[in-house]
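Before we start, here is the structure in question, set down as structure tokens.
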Amino acid sequence: MLNNISFGQYYPVQSVVHRMDARVKILLSILFIVAVFFVQTYLGYVVIFLLLVTMIAVSHVKLKSILKSIKGVIFLIVFTAVLNLIFTQSGNTLWAWWIFRLTDEGVRFTAMMALRLLFLVMGTSILTLTTTPIELTDGLESLMTPLKWIKFPVHDVAVIMSIALRFIPTLMEETDKIMMAQKARGADFESGNIFKRIKALVPIIIPLFVSAFRRAEELSFAMDARCYNSSSKRTRYRKMSLGFRDFAASFVVIVCFLAVLTLTYGWLDRFGLVWLGW
Amino acid sequence: MSIVVEHLNFTYMPDTPYAKTALKDINLTINEGELFGIIGATGSGKSTLIQHFNGLIKATEGRIKVFDIDLSVKKPDYKRLRATVGLVFQYPEYQLFDETVKADVGFGPRNLGLSKDEIDTRVREAISLVGLNYDDIAEKSPFDLSGGQKRRVAIAGVIAMQPKVLVLDEPTAGLDPKGKKDILRLILSLRKASPTVIIISHDMDEIAGIADRIAVLDKGEVKYVLPPKELFDKAEELSELGLDVPETVKIYKELKKRGIVLPDMPVRKSELARLIFERFKGGRG
Amino acid sequence: MLRMSTAIKLDNVTFKYDNSATEALKGISLDIEEGEFVALVGSNGSGKSTLAKLMNGLLLPTTGAVSAFGVDTKDDKSIFDIRKSVGMVFQNPDNQMIATIVEDDIAFGPENIGVPSEEIGRRIEWALKSVGMEEFRRSTPFKLSGGQKQRIAIAGVLALKPKVLVLDEATAMLDPKGRREVLEVVHELNREGITVVHITHYMEEALSADRLIVLSDGRVAMDDKPRAIFSRWRELDAVGLALPTVASLADILIEGGMDVERAMTREELVESLCRLL
């Protein structure tokens, strides 16, 4: 029952994007997100859209998977869109009914905002669809390396992330089992008001916590037995190396990012290229 | 009164590309008062099957009737069902949660909406039925108990519902030999209050000695439903399914192959010893 | 020709947990020789799991000393060397794996001790082959059976190239098929020279060991060849253990006056019975 949740899961297929260095993908994703926040002009949106479409095509990921990731946030997007439509009062009225007033500014603003959310979700899902959890944690660990200088436990955090990912399906299965066991004793998780339902979760949460602590203790023995330590003598099995594709992708994304900034801040005016920034 | 299963089918996530048929056309009748064993390799569907008996899982097709409760109607009486069929999961001690043993064992009765006095009585009874001393243990935290005690408390939690049918999924899992013997003895002693018992087990030796009939599951299908002795005649078929026969049966068959035919196929060690002694004395005569 | 040196030595070891009133181990002295296959049995509460964790320094003795290949486990600086030579697999198949892919989990050990990347790759391949799980190199642990998970756990330990493999009740949570898989692997490893300490409460698993140590209430109750110990079933019963079916049956028949051999396997018993009947 709980197995259907997909965390923008890895889509195993061969593609340039799949083979890119995880660190580069993470950094470019961050750059992409920042660009989405900065975009203001129509042309800017087009640039981002084209970039997104190119990335999806190049990564050979099924469009269905991307759309699946939107499914999760579609409610949020629609909800905020409706709110924005209702409460944006500036600009010319397009349609009025009772106390509601839709303005052209409102529509424009809402459309832009909804698009941004969509771009955000789709862009980040490309990251998770083309990068395995272990590549992600390795990449993050590598990117966090400078933090070692301030004694931040980079490796420990990376191991924690890996363990968390590894145990997600196991813990979900255990939650299911505990729920079944308590249901067998007459527990009811469906009926009652909100307070009743929260109280009904106690017989699930406590055993889960107890079990989690027990697992943690057993895991720590097993890890110690395999010489776990955080010293710098450690090596890494998976090598991360930069290739041409990483530089090419970086070039493309950085150019798009600069283009968006340029368009947003009208830098082209300075160069007398006003006609580009409509 | 019995549990009747007719043409039961169960498919996980039907109508999706992930659909997986866990149970295929199961037909079974479990009689009141029987000790019914269910055996099968991991993944054969045993746990899935028993979760139908107390309504945790609803069949995709087919009919189940537990005593007079029909489970194929739109809204079966789950409340009455779960008071009739008590299900003890594998490693039941992992479901303990309450502050005291008394409170945890009382969870089931509380959910049944019984009066405080009735709950109290049932809790006392259940704890003593599992062989623990109420005064010693009632106010302790379930997490402070030993492994064996925890399992007993978990079982008490199910018995406190006073089910007519007790279903146990691998009740001896993870226990040492003494622990296994103790739990089996406990289960047999519980038959007075819950006459119908269904046990899932991996251990042929364990279940052979106590079951009236055994159902063998393989890849979601029922292959055999037979009393132990008749079942063990099919040793080759069982081994093809990845299952074993008890050691005593193996010895019996080996002897038979070598020309020494004992008059009866023994399931218990004591039986086999007796037959060998008789043969020994008889042969010398 | 095996070098018969002492792999693990326990010298008058006692151990008491902090939150306990009684000692879990009350004075254990043992020598485990290299190449041996030792079965350590005891009922729950006999102290066997505690004993296991003392062998690689996960726990340190309250009094007495534990050493592996001559190195004391109390020696902080050498603890990784000890854990490299004494590998350990635990009871719960799930709670030993830390990575989302088998390959990465097996790499964990070698990564920790600084093995270069290419060598890690070779070790992963070799370890998986030794436990018969090569085709699962890129699988996710969640989808494996108990027996498969334990074999991966063993592979993860093998990747450190240990000389001793301690199995802390590693078969207790497995179904019969899983137990067989694990035992086959472990016996094969022993044949290749790895010292095995197999801690279990299944007497059947002790049958194929070179040496059987029976633990009871924190002390060594018996220490001998399995056959020799099985003839003392009354003592076993007293410490909460039971003989495997065949040996028990043989004992019943002998007590009843039949001149049956003290068989440990079914074949032996049947052979002996055929001669008598």
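For the reader, a short list of remarks on this structure follows.
Letters A, B and C name the chains as they come in the text, with residue numbers starting at 1 for each one.
Here is the rule we go by: contacts are C-beta pairs under 8 Å (C-beta built on N, C-alpha and C of every residue); 3 or more make two chains touch, one makes a residue touch a chain.
Everything numeric here is computed off the predicted structure, so don't read it as measured data.
Annotation of chain B and chain C: jointly contacted by A, touch as defined at the top. Chain pairs A-C and A-B differ in how many C-beta pairs they share in contact, with the greater number at A-C.
Inter-chain centre distance (chain B to chain C, centres taken as mean C-alpha positions): 31 Å. Distance between chain A and chain B, defined via averaged C-alpha coordinates, is recorded as 46 Å. Residue ranges on chain A touching chain B, taken from their complex, read 4, 174, 177-178, 180-188, 202-203, 206-207, 210-211. Taken in their complex, chain C has these residues touching chain A: 53, 56, 58, 80, 83-84, 87-88, 90, 92, 94-101, 103-104, 107-117, 120-121, 124, 140-142, 153, 156-157, 160.
Across the interface of their complex, chain C is touched by residues 132-134, 159, 162-163, 165-166, 169-170, 173, 214-215, 218-219, 221-229, 233-239 of chain A. Those residues of chain C that touch chain B in the shared complex are 43-45, 145-146, 172-173, 175-177, 201-203, 240-242, 244-246, 248-249, 252-253, 256, 258, 266-267, 269-270, 273-274, 276-277.
Across the complex, chain B meets chain A through its residues 13, 51, 54, 56, 79, 82-83, 86-87, 89, 92, 94-98, 107-108, 111-112, 143, 157-158, 161.
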